[in-house]
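The two complexes that follow have chain A in common; it is paired with chain B in the first and with chain C in the second.
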Partner chain A sequence: MPRMKRDAKTVYNWLERRLQIEGPVKDAALHKVPRSTASWWYVFGSAAFTLLLLQVVTGILLALVYSPTAANAWNSLNVLNHQIPLGWFIRALHGWGSNFMVAIVFIHMCQVFLFGAYKFPRELTWIVGVFLLLMTLGMAFTGQVLRFDQDAYWGLGIGVFMMSRVPLIGGALVHFLLGGPNISGATLSRFFTLHVFVIPGLLLSFAMVHVWMVLKLGINEWPMPGRLVRRETYIAIYNRLSHEDGIPFVPGAFWKDLIFSGAIVAAVAVCAMVFGPYGPGGMPNPSIIQTTPKPDFPFLWIFAILAYLPPALETPVILVAPILAIAGLLALPFVAGEGEKSWHRRPIAVLTVSFIAVAWGVFTHLGTYTPWSPHMNAWSSDAIPARYTHSATPLVREGAVVFQAKQCRNCHEIEGVGGQRGPALDDVATRMTPDEMRYKVVTGGGNMPAFGKNLSPAEVEALVAFLETLHPANERPAYDGALRETSTHNGSPPPVTGSK
Partner chain B sequence: MVERSDSPHPASTGAEIGRAAEVASDLEGPRVVSRRWMLLKAGIALNGLIGIGLAIPIIRYLFSPIRPDSAYNSWVSLGTADSFPMGETRLISFTNPWRRPWDGQTVDIPCYVRRTGKRQFQVFAINCAHLGCPVRWFPQSQLFMCPCHGGVYYADGSRASGPPTRGLFTYPNKVVAGNLQIYAGQMPTLSNVPKPPESAKLVNIAAPTPEGDCPCRG
Partner chain C sequence: MRLRSTVAGGLLSLALLAAGCGRLPVEQTERYVPPDQVTDFHALYNTNCRACHGPAGENGPAMDLANPEYQALVDDATLRRIISNGMPGTQMPAWAQSAGGMLTDAQVNAIIEGMRKEWSKPNPFQEATPPAYEQPSGADAKTQTADVKQGQQLYQAHCASCHSGHARQELTSPIYLALISDQALRSIIIAGRPDIGQPDWRHDNGQLSPQDVTSIVAYLSSLRTNTAISAPPVPLSSRR
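Then we have the complex of A and B:
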């Protein structure tokens, strides 16, 4: 045993003599950090880096089998899922690793922002971090394209259509992105190159620079309210903190990084095992149009915003908002490079993060069930509840048939079933008089198409008769006061009939 | 642990090396070894020139997919015109004329053909004019609906509601020898709107002759 130990020492010394790496490694590991930074709040950066390494490893494993051609990519993913032993698990690790990485990078950014870590002298660390965030999102998008299924195909279409809005060079940009006139093999090759060579290369080098600066400039100290950052005094204050009240980075702070990173990788593995890999969904054959394209989780919020923007605002927002957002992030350390670091005294910072988090959560949630999209099969698969037609007149029943057959249900819910594009019609009779309904059905308006050309007068009458029965049992349908005055009924509002 | 008082971290080693280099360059300054410096500059200039020389073909290669729309489009036959019933809208797919052997099924491009008269057709691209998702045709309500953000179009392709700012894209079409042909090849977008080829005005679509509709038959 002692002999083996001696041999190992000899080998180590031989290597060290040539590599001379012990000094820098020791310096990096043992440099003193302020005691306050050995905190569970400071573990997200290292976790993001661990996830990046996991993605690199699982990505290389997948590339052993994946075939980056439009003709075979989808097939090779199915081979991975079903034929290669544990191929599904490696795909699941890569997919869930991606989700976790996007999430951890965002959390890391919020933490760094709230702790004022972007202030002097760490401005460049923040700027490099902004690019790391963009590249992480770039990896998420290009990765979705490599899962070459229907969502990938039409997702590319969405991306290209956004690019086509760029003035003057929009058309050229589309050709450049697609590698040709269409989404095709050339497009997949481009995105494969981006996902496997270009972005990972940049991502790894930028991450190295990022870590290098953290080592050189020191970890941001725990912000104390009232301890302001000044260019003239900060370095001295930081040195005092790290040397007078400091502990060596290893093991003082590093053990928390290790445990958290391990836990995150374990969480990825558990998710991969329990939930399995993502897709691939339907085959990337554009002539199969029975599909409801949707982007992956990190981009659902954009999908939602694109549904809600007024048409006139769309192009300006698509083209200008990302530039403003990125410029804002890059400018942040120059605008607020000094001063208060503590979130206790930065209400606007806290509000900004809270606002963005809530907005992001709401839009992402909306993106999961897309209330703005017609339900393409509602007209043929969602039945009219029986009690609506149970003791109805033939005309009302005919109206219910028209309601289904003309796809009204694709956009209008009844009893919580159907599309949500338009308003639910459970109590439409209390909101609109029959004449208003006729007018709306025939001429459309707002988000409703005009059905005038596609409905016969008899169909319109039947439909309106059916809609008129849609009101709560104890609530009168709406009626036209002026008509009432002049009608032969002489003043009595219509009786409560046809209640459900 | 290397303890230093003048800087946060072992960073100062770099600064020391820098100072050492300054001292060295004082001893062997540009004046002393001007020939070496000149040769170094010559080396940089040579590499710069070669770099520029290589950049030109690289950029040309990289941007080669950018071509005028007409380079990608050509007339594609959708089959005999009479296979499309009058007054109806049919989904059909054609093989994209611009393709590579490894494109797989992505060359099967769908489109909607609407026949409005004996020789009158409208051929709509599948892509919603909002963000390119595939619109679906509902003959009962005579509407196209988009599953992504709820764009809706009337039977003639005009915008009915939702976020699109225009109607469906239509491919230029003509009937030649009884065949319906469209001018297609690239995905239509807001910047790549399908339009007839420059030479289209030269094509003389003659009155139907007993032999067929081909204008080439004289």
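Then we have the complex of A and C:
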């Protein structure tokens, strides 16, 4: 035993002689940090780094099996899911690791922002961090494309759609991104290269630089209301904090990082186990139209915002908002590089973060249930409640059939079932007279398609007869007597109230 | 120190749990079934037919397919033809891929098989023999000439008792008739629609002969073709 120990020591010394790494590592580990930084608030950066490592490891394992060709990508994921022992688990870890990483990176950024940690002398750390955020999102996005299923198509569709709006070079950009005019095998090779070589390479080097600066510049001290940052005095104050009342980084502050990172990895594992891997969903076959694809979680909010934007605002918002947002983030340490760090005295910072968090939450929630996108199957699968067909007249029943056959249901709910693109029609008869309905159906307007050419006069009449019966049992339909008199024409049925 | 070892223990057990997952059922990850490979009757019916033919085949706006009399009346080949090619000129779509729909032949067969299994009952007509599902053609047709005049009288005698009054007269309205095919009328008259209270061909007012059914349909059909429907004017004053 002692002999083995001696041998190990010899090898170590031989290596150390040449690498000379012990000193820097010791310095880094034992350097003093202000006591106040040993806080549970300061664990997100290291957790993000841990997740990055997890992604690298699981990613390498996946790359052993994954085949980045249009013909095989989807199949190779199914092989991973079903044939390779624990393959599904690795996929799930990678997928959930990605979600967690995006979330932790965002939380880390909010914390750094609220603690004023981007101020002098850590401006560059912040700027590199902004790029790390963008690259993390880039990884999440390109990763979702590699799944090459229908959701991947959707995610990519949105990206391409945003890019195509760039003036002048939009088309060329799309062509460059996709490796052709549309999504194909070439697209997949490109995204594979980005996801596996280009972005991870950059991401890892930027992360190293980021960590290096954290080590060199010291961990941000706990902000105290009233202790202002000034270029002239900050370094001296910080040195005093870390030397007079400091603790060595390892283990003083490090153990919290370790525990938190461990907990996060465990949480990823639990999610992976419980929820399983992402897809692959439907095969990317454009001829299968019975799907409602959705982008992955980190991009749901974009999906929602795009759906809610009025058409006229789309291009400006899509092109200008991201640039403004990124420019704002990059400019932040230069605009507010000095002064108050504590959130107690920075109400605007707190409000901004809360506002963004709430807005993001709302849009993501909307994204998860997509009220705007038609339900493709509603026309043939969502039943008309029996109370409407049961005591109805033959014409009303035909109207209900037309309502389904013309896919009105894909956008309109009845008794809570159906699409939500348009208003629910449960009580439409109390809101509209038959003529107004007729007019709306024929001419459309406000995201309601004009059905004029696609409906025969008999179909319109049947539809209106059916719509007229849509009112709560105890409420009378809107009854426009004057119009009703004149609209009884050439043999059309007498008024149908549907409430016989 | 206590805290650290507790947390470490917790993490260790989680890691073990994770390692054990290799033995979790692989159904964990539901295998995606392309829509054209679904052959479960309920799945097919519920996504493709329920909206118009009702949950469980009845109480929908269109034909009561769960009516055992209807199931006994119509044979497999006819069902296959109707489901595959739809009923042209009506809202019943064509479902077969060969006709531009989304179902494979295997799926159409699965639907027919499922309907038979769920909705057929032995001997729903008892002693009686119903008129044929389709209006006979060729030699048989001579014995069953359609007579519009007679159809009108039969309608008054057999149908008007229930189908009179304001709304129920719609049966003779050209608007209604423009939307429903002769075959559908015939199916409804013969097999009835128990779900909404329409009797079959043997209703209280006496049993209809095959000839009677043909004449009534011919009468209703004549109302359809004889009256043109013009689009109602869309009032520009309408607010929306």
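Before moving on, here are some points about what is shown:
Keep in mind that, in the parts below, the second predicted complex is superposed on the first by the 468 of 500 C-alpha atoms of A that agree within 3 Å, B and C clash if a C-alpha of one lies under 4 Å from a C-alpha of the other, contacts with A are read in each partner's own complex, and residues count from 1 in each chain.
One rule holds in what follows: a contact is a pair of C-beta atoms (placed from the backbone, for glycine too) under 8 Å apart; a residue touches a chain by one contact, two chains touch by 3 or more.
Given the structure is predicted, the values throughout are model-derived calculations rather than measurements.
Superposition of the two complexes onto chain A shows chain B and chain C fitting side by side, with no clash. Using the contact criterion defined above for the overlaid structures, shared-chain residue A:Asp382 touches chain C, although it does not reach chain B. By the touch criterion defined above, A:Met273 lies against chain C but remains apart from chain B after alignment on the C-alpha atoms of chain A. In the superposed model, A:Thr69 lies in contact with chain B only, and not with chain C.
Once the two complexes are overlaid on the shared chain, A:Thr193 sits clear of chain B and of chain C alike. Of the two partner chains, chain B is the only one touched by A:Ala172; chain C is not. When both complexes are overlaid on chain A, the residue A:Ala405 reaches chain B and chain C alike. Judged by the touch definition given at the top, the superposed model places A:Tyr439 against chain C, while chain B stays out of reach. With the two structures brought together on chain A, the opening angle seen from the C-alpha centre of chain A toward chain B and chain C is 80°, to the nearest 10.
In the superposition on chain A, A:Thr364 contacts neither chain B nor chain C. Smallest inter-chain Cα distance, chain B versus chain C, after superposition on the shared chain: 7 Å.
Residues 283, 285, 290, 379, 405 of chain A are contacted both by chain B in one complex and by chain C in the other. Chain B meets chain A in the complex at residues 1-3, 5, 7-11, 63, 65-67, 69, 72-73, 91, 93, 96, 98-110, 126-127, 130-136, 138, 140-143, 145-150, 152, 154-155, 160-165, 185-187, 189-192. Of all residues in chain A, only 24, 26-27, 30-32, 69-72, 74, 153-154, 157-158, 160-166, 170-176, 178-186, 215-218, 235, 238-239, 242-243, 248, 283-287, 289-293, 303, 306-307, 309, 311-312, 314, 372-374, 376, 379, 405-408, 410-411, 421, 444, 446-451, 453-454 touch chain B in the complex they form. Residue ranges on chain A touching chain C, taken from their complex, read 78, 81-82, 85-86, 88-89, 255, 259, 262-263, 266, 269-270, 272-273, 276-277, 279-283, 285, 288, 290, 377-384, 386, 389-390, 392-395, 397-402, 404-405, 409, 432-433, 435-436, 438-440, 442-443, 445, 456-462, 483, 487, 489-496, 500.
Interface residues of chain C facing chain A in the complex, by the touch rule stated above, are 4, 7, 10-11, 14-15, 17-18, 21-22, 24, 26, 28-29, 31-32, 34-36, 46-52, 54-55, 59-62, 91, 93, 102, 166-171, 173-176, 178-180, 195-196, 227, 229-232, 234-235, 238-240.
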